[in-house]
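There are two complexes below, and they share chain A, which is joined by chain B in the first and by chain C in the second.
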Partner chain A sequence: MQVSTLKATRDGGVITVGISLPTSPHSAAAVIWRFSADGKREAEVGELTSLVPPVPIGDAVTNNSKKFYVRGKVLNENDNPPVPFQLLVTVGQGGKALLIEAPTEKEDSRIGSKDVRFIYRFVVEVAS
Partner chain B sequence: MSHGRCPTALAVLVSVGVIGSCTYSAWAAESKEQQLRKALERTLNSPMFGVPESPAFELLPEKASEVVHILTPKDFAAQAQTWFDGDKLKVGVAVDARPFVRTGGSLIQYRSSRFRQIAYRTVLSVGTALASEGSNDALFAAGLRIPIVNSGDPRLDRDLLLHMRRLASTLVSLKRDPPSDWNASLGDWAREDSLDQLTTGGESQSDGILRDYLAKHWNSRSLDIGLAGSGLAKRTVIARDNLLSDRAGVWGALGLPISRSSQLSVGGKFSWARTDSSGQETSRRSLGGRIQSFPTEDFSLSLEGSKIWAQHHGRDGLDDNWTHLAAGAEMYVPELGGWLGVTYGGDIGRVDDQRARIDLRYALYRARIIKRG
Partner chain C sequence: MTVELLSALATILLALSLAVERAVTIAKGLWPWLAIETVTSGGETDLVRDRWRRLAVQATAILCGWITAGFLVQPQRGDTPQLTWNLLGFVQVGSGSGAFTLPVLIVGVLASGGSALWSNVVGYTKAVKDAKNAEKASTNLSYITQAQAAGVAPPVKVSFDRRTLRALDEVKSTPPNAFASEA
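On to the complex of A and B.
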């Protein structure tokens, strides 16, 4: 299970999350849920699409030790034959990207006539 | 199931009477049904008005049952190694790929560049087959399909409205089913989703929006080009002395909407074949147009005309040209669970085929012939 760690700073500004497909003519949508440090679901904190900039999910102090679960879909464009795609999740603070990663938990690395589900998890750690 | 060929339009009425007395057991005559359907297909000559999905496979005597989709140059290199056994070419290879998929860029970049669209949509196909049954020689073919214009491409929807609607509906469905716990996997999610989709026939709302869009734009402007060439490897050996050119083909097709339910297609094709003996057909050119109309989902019409020129090796006297004209209608008969097709047409002025003439044909079959696109 892929779980990334965002090393945030107390005064670094708001944490943001975005998804993008910089080299694939596709779009994607995802929802972020916040979980407590012991794994209980607390709230839905954001909606992401690849057509809008990253969205804020709160400051670093409030989110310290919190877990974030991104669940989304890359939408198919009825491609035949199927094509590869590159999906990136960007997690940043204060407008600066700190994590830019491709989710490894996804149904397929190619897309044809069926949407592709993906999951990405990260934990926020504020440096003391 | 029923019937074949008759001289007058009266036969249509007679055939309807025959259909009325048909029973489902008649479907058992599979080969007969297929033969009659093929005869109607030949009259309508549909392949003439489009570019084959995979031009390379058109030049091979047998189409492979399964086509391998290659994604990256690395996949291609790995696949290519499996096509050879030493210096011998293996038969039964069938692959396709989008060689310029990297040029697509992001959705926004793709939408703003005609070059990116053409390059991204281009499909390369490669295949091999035995030259003929029992032969020691292998044929190999490669081809490109280049969709130059495709106004029905969902990526080019007006102001991204299609994408916005699909993204919004996807977000709604994602929010409806939050992850049950932090460790919830893709498998857990897929199971929850499939339960949800039982109520929608296995289709998400986003898929439904895309399907509707594609159905509405089936006859959008399109311009396609196809190119393919094939060679023959004697005794399947890949060596300079064993290789011969075999066939080549060029296709062009233009599609234009003439109403919501109708389309005009103009198509041209040139094919060339290596010939060893005098009198064999060495090249064929054809040019024609077709109007297809689908007033309802269960009723369709087709009207077409084309001109064909055939040339022969060393025997100019055998060269021929003729006109192909055809009209066809197809109607779904729910009581029989199949289609009733009627065509009127054939070849005019063809000297090499005494059977070629204008005929009325009709048949009942399960898979429709007149299709969109």
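On to the complex of A and C.
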């Protein structure tokens, strides 16, 4: 299980999360949940798709030490044979991207006639 | 000028201009030459020869507007409603602290413009209301952004297509119980 760390700043603005597929025409949808520092699920904080801009999840101070769990699907387009795709999760603050990463936890790196599930986790740390 | 005052002014002018149009119609019945356009041999209005008739119609409209607006003057003393008529008085527009008055003659001249005037006034009123609505929407958006920044706003909801919605529903149907869960 890989967990990324977002190094946010206290006055850096609102934290946003988005997903994108820059190299393929597929779309993706995901849900993001917030967990407390000790790993308890607190709330669902947003719905993401690759077709809409990143969604805000709160400021850095409020989210300090909080953990975020993004789970979603890349939607298939009935490709035969399956084609490679690149999914990126972008986590930013104040409109500036701080993390742009491909989820390592996904069912497959190619997509055919079945949706591909993925998971991405990160934790927010506010620099003191 | 607030939207309420603009609406009050539009209402007064609308009512007055309807009365003026009725009065002008009566005047045209009394003096039929007011209603008969001078036309060219081609059947079109002769703008030069018809000028005096049109001026007479406009003067009649202003006169009717002035006379009718005189009835809108409120009594100076006492709270008892009573019919007053004062050609040199003032018409109150709106109520409360923002209310203002206009001379009867000005109100009469404005009302004599008929539909050309009050349709413009209605247009301005609508534009101001639209601007107010946009301002309210912007304020609401600002509140939502502030709430999101504070972490107290509900999840962000966006309109998605049916396929995306189905995928989101499937993902949400089994929320992760623990941060380390794989499912």
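In this text, the second predicted complex is superposed on the first by the 128 of 128 C-alpha atoms of A that agree within 3 Å, B and C clash if a C-alpha of one lies under 4 Å from a C-alpha of the other, contacts with A are read in each partner's own complex, and residues count from 1 in each chain.
In this section, a residue touches a chain if its C-beta (ideal position, glycine included) is under 8 Å from a C-beta of that chain, and two chains touch if they have at least 3 such contacts.
Everything numeric here is computed off the predicted structure, so don't read it as measured data.
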Touching partner for A:78 - first (chain B), second (chain C), both, neither: first
Partner chain(s) touched by A:22 [first = chain B, second = chain C, both, neither]: first
Between chain B and chain C, more extensive residue contact with chain A: B
First (chain B), second (chain C), both or neither touched by A:67: both
Contacts of A:93 with chain B and chain C, given as first, second, both or neither: neither
Contacts of A:46 with chain B and chain C, given as first, second, both or neither: second
First (chain B), second (chain C), both or neither touched by A:58: second
Chain B versus chain C as contact partner of A:14, first or second or both or neither: second
On chain A, the residue positions that both chain B and chain C contact, one per complex: 1, 27, 29-31, 33, 35, 39, 41, 44, 47, 49, 51, 67, 69, 71-73, 75, 105, 115, 119, 121
Chain A to chain C touching residues, read off their complex: 1, 14, 27, 29-31, 33, 35, 39, 41, 43-47, 49, 51-52, 55-59, 62-63, 67, 69, 71-73, 75, 105, 115, 119, 121
For the chain B and chain A complex, residues of the former touching the latter: 53, 67, 69, 71-72, 96-98, 101-102, 104-107, 109-111, 116, 120, 123, 153-155, 160, 163-164, 166-167, 170-171, 174-175, 178-179, 181-186, 189-190, 193, 204, 206-207, 210, 214
Chain B contact footprint on chain A (complex, rising order): 1, 20-27, 29-31, 33, 35, 39, 41, 44, 47, 49-51, 67, 69, 71-73, 75-78, 80-84, 105-107, 109-110, 112, 115, 117-119, 121
Complex contacts: residues of chain C adjacent to chain A: 145, 148-151, 155-158, 160, 163-164, 167-168, 170-172, 175-180, 182
